[in-house]
Each structure stands twice: as structure tokens, then as C-alpha cells.
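In the two assemblies presented below, subunit A is common to both, partnered first by subunit B and then by subunit C.
After this line comes the complex of A and B, so read on.
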């Protein structure tokens, strides 16, 4: 049996932030919450999707909204449990385990917090294998699983159960509620049974995040090249090395949309990189030519130590490396691309897998 | 036992629109819905608050949002029942009866529709004795009854159960949901027991609406003065007779805020009337001096036939009579005025009862 230790949390938080592709929140608050909960309630057992009986249910526990807001509007600590238990009560069923909805600094650690508080195991899987900005952007949704009934809770004690005719309506109603609650909320959503879990989840995300974070933290301790280590463990691509020359953000829609411009340094000198994001990094181009497109993962790392920089922390003057990682094969299907491909986000590109784009550059 | 007939519905709809004080919706859609439901499911029994056993529960059924939107975005007919039954299910209790939340063309007739569909009696009482724009503006709220758990449903089949820490939060979350649903929704709210109902409701509103509507419709049939008849049955005041010279509306906040200017005619010639509204008519002044202030009722009637004109139907050139009616004594308490007095709506007046203002003019 595998139990998550406090040290594991350091690894998972930073590894998940790399898989978060610029989104999913800064790992700081989530990690603190999860560590505290493990200290108080005991270690969390990590189980595989296969260990969940077909007729038992699991429930994703997540934060919704702007992660940066959570650093000032702190959770009271009861919301994740409150959302989870309220959904169980509404369904009239007890959950077998907690599962993350996405990989990200916050949304990989909050489910650990929730699992610790509830005394439940955590499933080593999620619904994205990365982070995405909208609720229907999950492999669960592609698999036909309803996002609702879902529960939205805030830190003041307000709560709502939402049942909708489509997952797009769940996004609309939960988003407007989250904005009204002050831009962040805790949710319990996408209840599914073990059989659905096995078919429609991205497996092993927590272990993957842990392996990534471990490699990065150890490389820094051992003074080996952290970027090299990350490329190896993620089977990723070094897309660009540059200096950030401009960051443009627009927050008017409850998301953070914008772009980052970089000037090449070292081997990339003379080239320019543009990174487009909507909470998550979604499209990277060098001198106008795509090198990585959603749903493949694009993560900005600080050049020196290799730690991920989430979109809200990108700043003029930072020297960075842009890492690209192939997404889960789920997303490369027609149904997957319809939900999260470049055209869904209004980018004027057809999706081409990152490995093909890399091969084209050689 | 009293049962509501189809003819009663004609009376109630128009009488309630007069009590709606410019808000609560045009009686047309609600009356059609209620008549149809009575044809299909049978007559609705009207009971007094005293007939409800102390430990049984009653639930108000209402429309939320902009009544004018409902004329184009028609209900599918299941939402009121869906909201009501969903709340019962959430509470784990069956309701003894349906009750209106307010008096108004739509919100006095929709509960009749709901009662007919559910085969439940209707309580001859409500939570305002008039209409008001926000959910916490009820005698129930003044009595400390929680608006939540409440259910919000739309015509597409979306539904939410809301539980909040205050009734103001219920307003915020249900309002943003209603706006997202397309500006109108059906709600079930303010569940209370018979003992609370007896203490904190405005009694006899349905009968009062029926008496008002009957008097008005009969006066028109018998060619007697409809305004005289209304003044008598409502114990109201003829505040002004005038011609509308300007209507200003602002819809930006999900409410209809604005003002109407009138030029006096006949006995009022030479004077000017200003009517301020937010969904409902809230303050009336003649040449700058208040003659009626919220929570007292102000209703604009067409001068010729005495039928009420809701705020959304006020137009330049209409010849009207402004009717003032004293509000329920509940609203004249300190707690009542804190919730719905002129200062709550940011008008720069202290509340003075309409009868006193009238006496001051003599």
C-alpha cells in the first residue's frame, strides 16, 4: 500500500504545477493545506483506478476560479469537505475515494487535503492530465459523464447544488456563482463509478507529478541540470530559451486571457516566441510558426532552477525555458480536440502533435 | 371550503397587479398558465394561514427576474413544479400548501398554477402584501425565516439548490443565476412551518386582490367610476392625475430602475409628479414634496378604465391616475423599514405613512 508522505507533497505540488501548463494555481497554498491536513488526520493512501470497485463512486474535489485570488481570500478550510459531503448527501451515496479533476499546483494538492480530512484514499488519476480553464474540458466529459449534480461552496458558508442539462451549462452557472462568491470557490463534481473511472480518466497523474517534482528538486540539490532532468522524465521538448519582453493580461471575463512575448537568448538568439494563454498556456509560436498547441502541455520554467512559473507570475525580464510535453492520447481524438483543440479557443491553427512539430523543425 | 374559479383568476390577476405597485409582472401570462392548470388538474382550494397546522410546512412558489422577459422566453410549464418538488426532496418533507411570496400580476397567479399542478391548497397570505424587487424584502425575512434552502429552475431544465448564510447572499446568488439563465427563473424559497406562517405573513392578500379586481371589472361593466371604486375597496388615496411626459429606464443591474415624470391635468393642472421606481414604484413627489413613499403602495392606473400599468408598460403620453395604498403594518416597524424603507433604496427621505402625508396636504 502506498501512502503519501509530507516529502511527497513537495514533489507532487511542484510536479503538478509543471503539468498545470501555466494554470492550476501556484502550489503554495494547496501544499500547506494538504500538509496540515496530513499532520492532523494522518497520511493519505494512494490507490490506482483499478483498485476502485466498478459499482463504487469517486468524486473529484477541486478549487474553481482565479487561484491568485485564493492567496488573499483564504479558504476557511471546511469548504472542500463541505462540498464533497454535500454532494454525497445529495446523491444519497458515500464515495469510495477522492480524485483530482486536473493536474495543477492547487488542484492536485487540494484533493489530498480533502482526502486527508475525510479519511478517504486518493485515486492516482485525473480528468485532464494537465490543467484547463473550463469545467467541461475533461476526459470525463468526453466520456459522456455528467459534471452535475455538482456542489459549489465558498469560505463564508454559502453553498449550492447545481444540476444542468449539459456540462456547458454547469460551467456557466458554477462560473457565475464563483464570480459572485468573490472569484474563488471549492467544488465537488463529476461523480462517477469505478467502471467509468477506469475507462475515462488519465491514469497515474499523481505519480507522474511526483516523479517530475522529485527529479527537479533532486537535480537542484545535486547541482545537475534541472532542465535536462525534466526533459527526460516528462519526455518533453525544450521549445525555447528567452527573456520575457512583454506580458499582456485581460481579466474581464473571469479568466486571465493574454499573451507573453519573449526574445531568444543563447541558442535561440535572433528568434521571438509568443505564448498565448487563457488561465493555461495554449499556443506557442516561434517567429509566427507553431511549436506547441493545446492540448499539448506548454510550461514556462525559470531558466536557472527549472521551477514552473504559472501564468499569473510571468513578468517582464524573466529568463525562462519553455517546456513542451505531449498530452494524454485521450485529447488527440476527434472528441477530445473538439473540446480543447486550438480552434475551440479561437486560435487559427489546426492541431498538430508536438512531436510532429518538433520533427518538422529538424 | 373556498375554491378559486376561473372568474376569480381574472379578478385576482388584475387586483394583484394593482397591489404589485408597478411590479410583480403583467397579469397576462400568469393568468393564462393558472387557468390552463385549473382546467387540467381541477380547482385550487384557498385556505387561511390559520388552517395550516403549526408543524406542517408551506413553500412560496414564484417567478424571479424580469417579468417582461417571460413574455418572450416562455416557461415550459414544468419549472414551478420542478422547483417546488426539488425543494421538498432536498428538505425531505412534503409541503401542506403553496403560498405566494408577493402580490403581483405574475407572482399571485403562478402560485395558483403551481398549486393546481401539485394538487395542493393555496394559502391566502403572502410575504409582502405588495411586490418588492429583492428576495430578502419579505415579512418572512423580517421574522427571521431563512430564504434558503431555495431552488432556482429554468425552462431548459437547469436547476440549483442554494443554501446561504444570509438572505442577502440568497439574493446575490439566485440573482446572478437568474441573469445567467436568461433573466427569468422559477423559484421555491422561504420554506416555513405553520407557526411561522401565522406570525410572519401578510394575511388575506389573495382575497384582497380578488375584491379589488372584482370591483374594478364590475365598475367597468356597470359604467360606474372605476377609480372611485378602487379608492373605496383599497382604502387608498388619489395622489395625482396627469399625463406622462417622460420615462427614464436603466436595465444595467438586472433590475429596471428609473423615473416617470407627469404633468398634472384637471384638478392637478399646474403641478408636476415624479415617480421613482426599481421594478416597483417606490417614491412619488408632487413638485418635489413626497406624497407616498415605500413601503406604502404606489400604482399607476389608466385614467379611463382604472386598470394598472406596470412599470415596464409606462409610456409617454399616457393619461393616468396615481393610486396610493397604505402598506401592511409589518412594514412600518423599525425592522421592516430597515429592509424596504426609502433610505434602503437610497432615496433621501425618511418614511412617513401615506395617510399622514395626505393629512399634511389638506
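After this line comes the complex of A and C, so read on.
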């Protein structure tokens, strides 16, 4: 049996932030919460999706809203449990385990907190294998699982049960509630049974995040090349090494949409990289030619230490390495690409897998 | 003629300069730093007064840069016992104050906290009202625990500081008028954990800073200097000594900043790369609009995470004492260095280590020591070594530059002589006069700033109106801090839409800077 310890949290938090592909928030708050919950309630048992009986249910626990608001208005601590228990009560069923909805600094650590508080195991899987901005952008949704009934909960103790006709409506209504609650909330959502879980989830996300984080932290301790270590453990691609010469954020369209321009250094000298983002990094091009496209993961790392930089923290002058990681095969289906491919985010590219783009460059 | 006195107390040296009204250096010196700092300052002040021959009463302003407070935190020495009131309920219980603080500092400051009802939402609406009885009760508990100082932190207190002020007022009532109280909104940036940590550190060092700054006042008074006194803060701007006594934590990262600012002043350049070359290392930073470009990562002071931003620096293992080695025909310079032992270890001084300084002397870049001691070096070795040094510095310049065009490179510090007069990526290489006391000059010419950091609703008011509002607010802060209104300019305006929400909420960070009002 595998248990998650306080030390594992350091690894998972940073590993998940790398899988967050520029989004998912700063892991600091979630990590501290999960560590304290483990200290108080004991270690969290990590189970595989296969260990969940087909007729039992699991419920994803997550934070919704602006991670940067949560850095100021810290949670009360009751919200995740409150949302989770309220959904169980509404359903009239007890959950077998907690599961993360996505991989990201906050939403990989909050479910560990929830699991510790509830004394439930955590499923080593999620609904994205990375971070995306909207509730319907999950493999669960692609598999036809309803996001609702869901519960949205705030630090004041307010909670709201939402039932909607589509998962897109769940996004619209839950976001409206979250804004009214002061820009951050905790949710319980996408209740599913064991057989759905096995079919429609991305497997092994927590242990993957842990392996990534462990490798990165150890490389820094042992003074070995952190970037090399990350490439190995993620089977990823070193897309570019450069310095950020400009960060442009378009404030007129409603959602954060922007691009980062980089100029190559060292082996990439003479080339230019453009990174397009909307909460997460979604498209990377070198001198106009695509090298990685959503849903494949694009993560910007600090060049010296290899730690990830979220899109909110990108600044001109930073020396960075751009890491590309192939996404879960679930996203590469027609239904998956319709939900999260480049064209959904209004980029004029057809999706080509990152490894094919890499082979094309050689 | 009126003069300015600038003093920089570093880990090794206490540097002082006197500038006249035209900012001309009329005296400068380097003295050894002493553990009580005031002995070193006294020596430096005596030295520059004597050298300049000016009448002490003609010194109108005196500026001090010191890392004294930082050292106290790192060494856990002289810290006060601190009580904390966090105004956040119903939020905040998930992560209490003092989280992840090192055990040894917790013991010293006798950590005790109370979380009370209160706080604001991002837009300034109430999260919760405060309850006076609850706060009085918390203050009594803190008093009973033997706290010698109080730190107050409130949710979104940068958006609205009323609750923190109300708690501070009650604290003075319950704990006494003179009880040291620190409000987190004065140490502003968003992120309550880091801001609260900084407020706690501030509370812990107030007593110590008060006595250090008072002794600085005494030193000047005893030399008949009746100037207005200022302390340089993290961003290279000034605060009055009275304010510094209340918020000494704001001086914590001022060291490298003064040196970069001094380089800007000595050359009159606002956009440049600065290399501060010492005995063992070289710090390379960037000037943007005349101020150091800041790094974006959180800074830990003595193991405590804070919200301070340090200048973005790359430190290179290259300095005057760097050892030069050759293996299989491949020459390396540093990172090993003979450091301060250069005066005995370097070849030109009769020692046995081949240093970067020896090479520079052999190449005829300057005259120092006994050149015959390095006459046996082959011209190829000398040329190759200089090539290695040049390549090292050029690589860092390339990493720091964010524009395709070449930038001027300003070289300061004692090891400046090592750097060749032409570098790839540099439009020119400037080694200004007085380069060795650039940090004290940086302190002497400091300006005054005001900053704003908050989340604003840009839909209701309109983006342009909000930008005007935050600019005006930053300027008002600067004027409050002593800036001359007619010289104010906005040097930083960051606009970061909050991720995962429609763009109604945008975080603005704004800084206005101006000359000290005469």
C-alpha cells in the first residue's frame, strides 16, 4: 500500500505545477494545507483507479476561481469537506474515495487535503493530466459524465447545489457563484462510479507528479542538471532555451489571452520563440513554426533551477527553458481535440502531436 | 554650498562619500565594518569630513544604507518577542501564522497569534466586520504571553487599511502608547502569508533597528552634522529615519540595489548592464529606467518567506582573486579564489597562486605589484586567459539583455580592471571614476518612492480611469514619503489580469519615484 506523506507533498506540489502547463496556480497554499492535514489526520492512502469497485462512487474535490486571490484570502479549511459532504448528502450516497479533477499546483494538493480531512483514500488519476481553464474540459466530460449535481462552497459557509442541462452550463453558473463569493470557491463535482472512473480518467497523475517533483528537488540538492532530469522523467522535449524579451497581455477580450516572446540563448541563439497562453500555455512556435500545441503540455521553467513559472508570473528578463510533454492519449481523439485542441482556443493550427513536430525538425 | 553624505555599511567595508550640490564627489573612503556598526560609521564620517574640509553644518542630508537588520534576523540576535493578530475570520484558519518558520527563530520570538473576525474581499467589500471585544481579548492574551511587539495582518488590507488601523489603535490603548505595532498594509504586496511574515520580522527587529539608527543619529550629532537623515530601502529609494525606525524590515535587501543605483548615477545612464566585480564574484544586474530590474521569485530572509523583491542578479565566480588553472591546454578562471588574501597569495605580490589579477598585470592592462614575477607567462597563456574572462562576462551579458540592440556595460567594484574595454553585446564598456564606492554614492543620491499593489475592477470604472487612479495613488504615497511633486515619474506599472476569471479583476502594481523635496 502506498501512503502520501508530508515529504511527498513537496514533490507532488512542484511536479503538479509542472503538469499545470503554466496554469493551476501557485502550489504554496495547497501544499501547506495538505501537509497540515496529514500532520493532523495522518497519511493519505493512494489507490489506483482499478482498486475502486465498479459500483462505488468517487468525487473530485477542487478549488475554483483565481488562485492569486487565494494567496490573500486563505481558505477557512472547512470548505472542501463541506462541499464534498453536501454533495454526498444530496446524492444520498457515500463516496469511496476522493480524486483530483486536474493536475496543477492547487488542484493536485487540495484533494489530498480533502482526503486527509475525510479519512478517505485518494485515487491516483484525474480528469485532465494537466490543467485547463473550464469545467467541461475533462476526460470525464468527453466520456459523457455529467459535471452536476455539483456543490460550490465558500469560506463563509455559503453553499450552493447546481444541477444543469449541460456541463457548459455548470461552468457558467459555478463561475458566476464563485465571482459572487469573492473570486474563489471550493467545489465537489463530476460524481462517477468505479467503472466510469476506469474508462474515462487519466491514470497515475499523482505518482507522475511525485516522480517529476522528486527528480527536480533531488537534482537541485545534488547539483546535477535539473532540466536533464526533467526531460528524462517526463519523456519530454527541450523546446527552447531563451530569455523573455516581452510579455503581452490582451486585456480587451474577456479572458486572459497573451503571448510571450523569447530570444534564444546558448544552443538556441539566433532563434525566436513565441508562446501563446490563455491561463495555460497553449501554443509554442519557433520562428513561426509550431513546436508544441495544446493539448500537449508546454511549461516554462526557470533556466537555472528548473522550477516552473506560471503564466501570471512570466516577466521580461527571465532566463527560461520551455519544456514540452506529450498529453494523455485520451486528448488526441477527435472528441478530445474538439474540446481542447488548438482550434477550440482560436489558434489557426491543426493539432500535430509534439513528438511528430520534433521529428519534423530533425 | 550644501552637501550630502552617503554611507553604505556592508559586510566587510563601511564606505562613505560626500557629494556637493552638483553631485560632485568631494570626499570618499572605505573603512572596516565593525560589529556595533557605529564605530565603523564614526571612522568613515571622520575620514570624509577631514578629507573634504567642509563645515559639518553644511551637510543638508545624510543617507545610510545598512544590512544590519538582515544580519540580526539571519543570526537570530536581538530579536523581540512578537504577538500576531490576523484579521481574517471566516477565512484563513487553514493556514495559521508562523507556518513553516524555522524552529530556532520561533523559539527566540516566542510565537503567539490570534485569528480574529474581519477582512475585506478583493474589491474592498467587507469579508467580515471586526468585533472590538474579541480584539481586546486577543490583545490581553498577547500581553499575558509576554509579547514585546505586535504585528497585525488583515485580508486585502492593501485594498482597505481601516481594520488594521482600528486594531492598531486598540492595541495602543490596551498595551500602551509606546508599544511597537506593525501593520502589514505598510509592507505591501498581495499574498497574506508573505506580507504577514514580513510584518512579524519587522516587529521582531524594531527595537534593535531603533537603537542602531539612534546611534547613527548620535554619531552625526557628535560631529555637528544637523542634516535630515534617511535610510535606503530595498528598492533603492529613501525613507525618513523616523519611518525607518517603524518599518526597518524595508531595508533588508538594500545592499546590491545601492551599488546598481550608484553605477547609474556615476554614468548618467538609465538603461544599462552593471557588473560589480569583487574579489571572488561578479554580480551582474540590469538597470531599467535607472532602477535595478527585479527578480520575480519570493525572497527568504533567515529561512522565512517574505514578499520582498531583490534585484535580478546573476552571480559569476569571477573576481580579482580568481585562480587561473590550466588542464590539458584548457584554461579555467575561478570559481576558486584567494579572496582577501590576494595581497600575499597573488604572484605579483610574491605569492604562489596565479590569479586573474596577475594575468591582467602581465597583459599590461594596469600596473600593480611586481610585474617581473609574471614575466615568465607565455603571451599565448595571457591572451587565452583574457579570452576566457571575456567569454564568461559576455555570456552573462547575453543572458541578462532583453533587447537585440547592444547595451552599455558599466563596470564597478574593486575588480573592475579585469574587464576588457570591449565586449560582445556591449555598445560601450564604462569604468566610471569613483567606481570603488559606487554603493555609498548609490545611497547618497537616492530618491523617494511610493507604491501601490491591489486588485481593481476595471469593468465598472473603465481601465483608463483605474490606471489614472492607481498612478495618482502611487504618486500621493511618494509625496507622503517626502518626494518633490514636480519631479515625480511612474517607473513601474504592471497590469496582471487574474487567471481563470473574466477580465473584470486586474492586479496593478505601480511605483512612482521623485527627487527628495528640498
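Methods note: the second predicted complex is superposed on the first by the 355 of 362 C-alpha atoms of A that agree within 3 Å, B and C clash if a C-alpha of one lies under 4 Å from a C-alpha of the other, contacts with A are read in each partner's own complex, and residues count from 1 in each chain.
Here, contacts are C-beta pairs under 8 Å (C-beta built on N, C-alpha and C of every residue); 3 or more make two chains touch, one makes a residue touch a chain.
Predicted, not measured: the structure shown is a model, and the values here were computed from it.
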Subunit B versus subunit C as contact partner of A:179, first or second or both or neither: both
Which of subunit B and subunit C A:274 touches, first, second, both or neither: neither
Subunit B versus subunit C as contact partner of A:169, first or second or both or neither: first
Subunit B versus subunit C as contact partner of A:160, first or second or both or neither: first
Chain touching more of subunit A, residue-wise (subunit B, subunit C): C
Which superposed partner A:249 touches (first subunit B, second subunit C, both, neither): second
Doubly contacted subunit A residues - partners subunit C and subunit B: 156-157, 179
Subunit B - residues contacting subunit A, complex: 90, 156-165, 169, 172-173, 176-177, 179-181
Of all residues in subunit C, those that touch subunit A in their complex: 88, 90-95, 99-100, 119, 121-122, 125, 127-128, 155-156, 190-193, 286, 293, 296-297, 312, 398-404, 455, 458, 463, 495-507
Residues of subunit A touching subunit C in the complex: 23, 25, 28-29, 32-33, 36, 64-69, 71-77, 133, 155-157, 175, 179, 182-183, 243-246, 249, 251-256, 263, 265, 269, 279, 302, 309-313, 315-319
